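Please find one structure pasted underneath; my questions will follow.
Should a chain be cited, it is by its letter among A, B, C and D, assigned in written order, with residues numbered from 1 in that chain.
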Amino acid sequence: MKYQFDDSKKYDVIAVGRACIDLNAVEYNRPMEETMTFSKYVGGSPANIAIGTAKLGLKVGFVGKIPDDQHGRFIEQYMRNVGVDTSEMIVDKDGHKTGLAFTEIKSPDECSILMYRDQVADLYLQTDEINEDYIKNTKALVISGTALSQSPSREAILKTVQLARQHDVKIVFELDYRPYTWKTTEETAVYYQLVAEQANIVIGTRDEFDMLENHVGGENAATVTALFGHTPELIVIKHGVEGSYAYTKSGETFRGKAYMTKVLKTFGAGDSYASAFLYALITGESIETALKFGSASASIVVSKHSSSEAMPSVSEIEDLIAAQV
Amino acid sequence: MKYQFDDSKKYDVIAVGRACIDLNAVEYNRPMEETMTFSKYVGGSPANIAIGTAKLGLKVGFVGKIPDDQHGRFIEQYMRNVGVDTSEMIVDKDGHKTGLAFTEIKSPDECSILMYRDQVADLYLQTDEINEDYIKNTKALVISGTALSQSPSREAILKTVQLARQHDVKIVFELDYRPYTWKTTEETAVYYQLVAEQANIVIGTRDEFDMLENHVGGENAATVTALFGHTPELIVIKHGVEGSYAYTKSGETFRGKAYMTKVLKTFGAGDSYASAFLYALITGESIETALKFGSASASIVVSKHSSSEAMPSVSEIEDLIAAQV
Amino acid sequence: MKYQFDDSKKYDVIAVGRACIDLNAVEYNRPMEETMTFSKYVGGSPANIAIGTAKLGLKVGFVGKIPDDQHGRFIEQYMRNVGVDTSEMIVDKDGHKTGLAFTEIKSPDECSILMYRDQVADLYLQTDEINEDYIKNTKALVISGTALSQSPSREAILKTVQLARQHDVKIVFELDYRPYTWKTTEETAVYYQLVAEQANIVIGTRDEFDMLENHVGGENAATVTALFGHTPELIVIKHGVEGSYAYTKSGETFRGKAYMTKVLKTFGAGDSYASAFLYALITGESIETALKFGSASASIVVSKHSSSEAMPSVSEIEDLIAAQV
Amino acid sequence: MKYQFDDSKKYDVIAVGRACIDLNAVEYNRPMEETMTFSKYVGGSPANIAIGTAKLGLKVGFVGKIPDDQHGRFIEQYMRNVGVDTSEMIVDKDGHKTGLAFTEIKSPDECSILMYRDQVADLYLQTDEINEDYIKNTKALVISGTALSQSPSREAILKTVQLARQHDVKIVFELDYRPYTWKTTEETAVYYQLVAEQANIVIGTRDEFDMLENHVGGENAATVTALFGHTPELIVIKHGVEGSYAYTKSGETFRGKAYMTKVLKTFGAGDSYASAFLYALITGESIETALKFGSASASIVVSKHSSSEAMPSVSEIEDLIAAQV
């Protein structure tokens, strides 16, 4: 089964939300206290998805706010260089900063992240900075859940959702839950519910769907039944190494398996999954194939040092799929 | 034409939002600088509607947050005494205050209000203070637009809307726009749009619908067409002395005229209108009759000193309607 | 013994800090919940002292910030009408409000106050709004402790103190402790200590000196010994109905008794005390006489309804002193 | 001429204020946008002075607040390992972060710093976290001007100053002006003036003394005359490559020259200057010698990659002094 997009749109994907800096430990297998050198990469879920889909060959744009400093300029240059349209990246003029993620790689299972998310520019995106003419010209609009965590970014996203609905743009809601910046889990559930009901495609881990429902231990069947009562047409629920499931409003269920790899670190998997899954869907592949693409892409990224720089090409993905039939 | 409610519900109306203190000038026809004495009344749009509908004989509850001080206790006692169920009024424990409105009555046309709305208790209502068992047991849930103006009250209201929809409670959205506490008109438009699309009945002045649409000079026809594409079934747009219009999803339009009166001050009209309009609708009167009830009730309140204390009885309303056929 | 001021200065007293609105219960002997009418007066310790000393005939100025609203204009007009120079009252342009004090008069011993002190204009006085040419032209500068409770008012006061010291203006520090707006008692102690060490005259209740020392149950002897190690020359410690003590750097101690009166309410006593005490000192009376003036003035104000309006004349004070020799 | 300290004290130096993380560009001679790797060092003026004086052999303690995260633990371990007593470093429990300074080394003259100073732990040091028994036991207490820039750190520092004065501890005020975190230059001037008047030794650049005086282009003669009217006994004013001046209350002036070096970057000079100057003063050297030590130490640090790690030993300093007689 395939999923239909509007082919008259100029862009394949526009991602909205944060673009940050990852500072990844150069030295592995030690706690961050003993890490003395860090490598700089672009990070942040929607930025990674924009980079990932652009590297796969899609026509991609990005909407977000970056600081007027060296880190902001690095982000814009990097994304532009990999082919993302950055004409709607807004430069913050109020002294806000880029978010930072210092990553520690203790062992393949034990990776912690030290976040700097106070007064970050991405959460200061404003409703009047959203360009309707830009938003309406994409097949898929990727919304990151974290962009809903604070005002005024929250309202900018809600407005983007309203514009997308008015212009028949498919809304892809990547739940992308991060505890920092949210005040309470009740607050998260309210906005996740609100936006999920208006999205066409919802992607998240089982834990993230539990956040949306504000309880633990939810069942996929109940989750998709509730959401299919509203706008959603396709729901992807990821269960880590057990694989992922795609549900359609018409009643089908597809299962995707996880690919084996030598894991270096655990972060970056979700963004590479979403990138490749969307790539396949938008290029007319079946949902089954899209699940394979997502899983294979995730496997490749967790074996490498960065999240953005490591985004694979189509042939790398296809090779892995072929190798582990 | 009549509007249907679910008669199995325990309450006729539950209003959600602010309950405040009005301090009305005792001396008339002078600027507030020269007013030396003020009378204390309960105020705030949803509190006034709760009081107004309770005085008309409906079974009414109220959900809101009041401070742990003398003004908070006065509000709870007053509302309880006029018959409002106050069991879900939450007492704030963080030192927030009741909002205040000092009113000046310079002349019938010239009334200004001096608001105290910093750190007010009503805007600190939290999602986890909303009782699902209470909300689900009312025919009509009255949501005040002002309660959307700040977090965490905003999220508490959004959750209330989600609960009402799950339990087939009719949502009445009183736009009740007040510029204070909103950061920008863009922000107002985002949340007004969001909640209006999910409400069953939307009531406001033409200016308030312009806020919802984020432009000036909107036309009723376009407004109702856009909203009827979503949940709304009945929309009331008020045009001051020119009367008001009710639109139904099935395509009917009803016009209500304004009643003549000796105006003392201009405030309080909207809340008394909503109270009597809802009373008529819920007691099975036609929409035409409900429009008359609303207008007559508004006329009575603007001729009196307070907003809450002045809420009329059914016979007062019927007498005025009969007198100005 | 007499205290010397610089007679070449244009003003006798300039008071710095808050000017607010008191809303006093019109109905007595009941809790505020049952009080339905309130009378409006100017309030706030330094405003009361400015009004009190102006009514006693001194040449008085006031430095402070008032809102751009009806309450702000009332305050300025009232103070100007009683003879206070208001040319250095700054009008706030950022939407801050006048502080409010709702007073309840349950019984002569039981009076509570409900304060509105969030985002009040007086605490937004800024360093660059302090006029050096004005400050340097007064015999006595009255600093209110409450003005130190928040930035930017805190810095404006510290700058005023620096200017006064540079220009040989006598600094009168009225401790005027109010728990609201201070974050911690440690914070209060730090700033009280800092300013008291630089003041010439320090006036407060025993409890307020305990705040300065950040412990309870302090002894006057230790308090004055510590402060006389710095700038202070005259210290007045008030012990309520037991009377008050004045200590001089040269080692003298004077005791003032309290005057009998029919108490209506307890507030307003401190400001009337300070007004009459300063009046006597500045007009060349002995410290003993100044203590009598302070106590008599306090007795008169607690027998009346307001704090500012009730400020007595010289003859009223002299009559009471003569009647209770 | 020599400066006297109280030899009965347990510590030579206790520094109070921030300890941060410097992330220094590994790649030189390029803008930060093109820097891809950063090395981690402890930074922050008072931490650097503590490290610098400890490495020179003094008995040193540190008072400050660090986050409960990997960066906080690294700072504490590093400082402890170089011999600083860290028993009074407070671990923040409210989620605040370590300040960060990303440094760019474009060329010897062109080095910019990108600061992260929002919600930093060091500015959350509280008055009740200051241990009087610790503070009273040092010959010299080094106060950093930046610690005055925000509450509650500001009050903690003011309390520390009060305690030091009560216990005959010499207060060394390092002006250490950084524009971030201060609201206005007026605010800076108020607190710099306040603390400088109570300090025994004041050290800063000419520009920093201009901040204290709130005007540009100040003259050293006027600056020292004004400050010697209060507590200060020794004032050091630095003029960059033109050298530095030390003024004593008794009227002497000493000039120190700058030492030639191959400059790698400009930051770190001030802290190494203060460390070596204080070391010389406390070990009984003359003021002339102390000026040499300060300048030589600064020259050494600007030729190396870090600020803290690069702090020189006594013999390195003596060698440079001997080499450039």
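Definition applied: contacts are C-beta pairs under 8 Å (C-beta built on N, C-alpha and C of every residue); 3 or more make two chains touch, one makes a residue touch a chain.
Since this is a predicted model, take the numbers as computed values, not measurements.
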Worksheet item: With chain centres set to the mean of the C-alpha atoms, which chain is at the far end from chain B?
Response: D
Discussion item. Going by more than half of the contact pairs matching by residue number, which of A-B, B-C or A-D reproduces the interface of C-D?
Written reply: A-B
Discussion item. Just the number, please: Cα centre separation of chain A and chain B in whole Å.
Written reply: 41
Worksheet item: What whole-Å value do you get for the distance between chain B and chain C if each is reduced to the mean of its CA atoms?
Response: 44
Worksheet item: What residues in chain D touch two or more of the other chains?
Response: none
Discussion item. How are the chains arranged in terms of who touches whom: line, ring, star, complete or other?
Written reply: ring
Worksheet item: Pairs of chains that touch, anyone?
Response: A-B, A-D, B-C, C-D
Item to complete: Mind listing the chain C positions that touch chain B in their complex?
Response: 23, 26, 31-33, 35-40, 69-71, 73-74, 77, 97, 100, 102, 104, 112, 114, 116, 118-119
Discussion item. Could you list, by residue number, the parts of chain D that touch chain C in their complex?
Written reply: 126-128, 151-152, 155, 158-159, 162, 183-184, 186-187, 189-191, 193-194
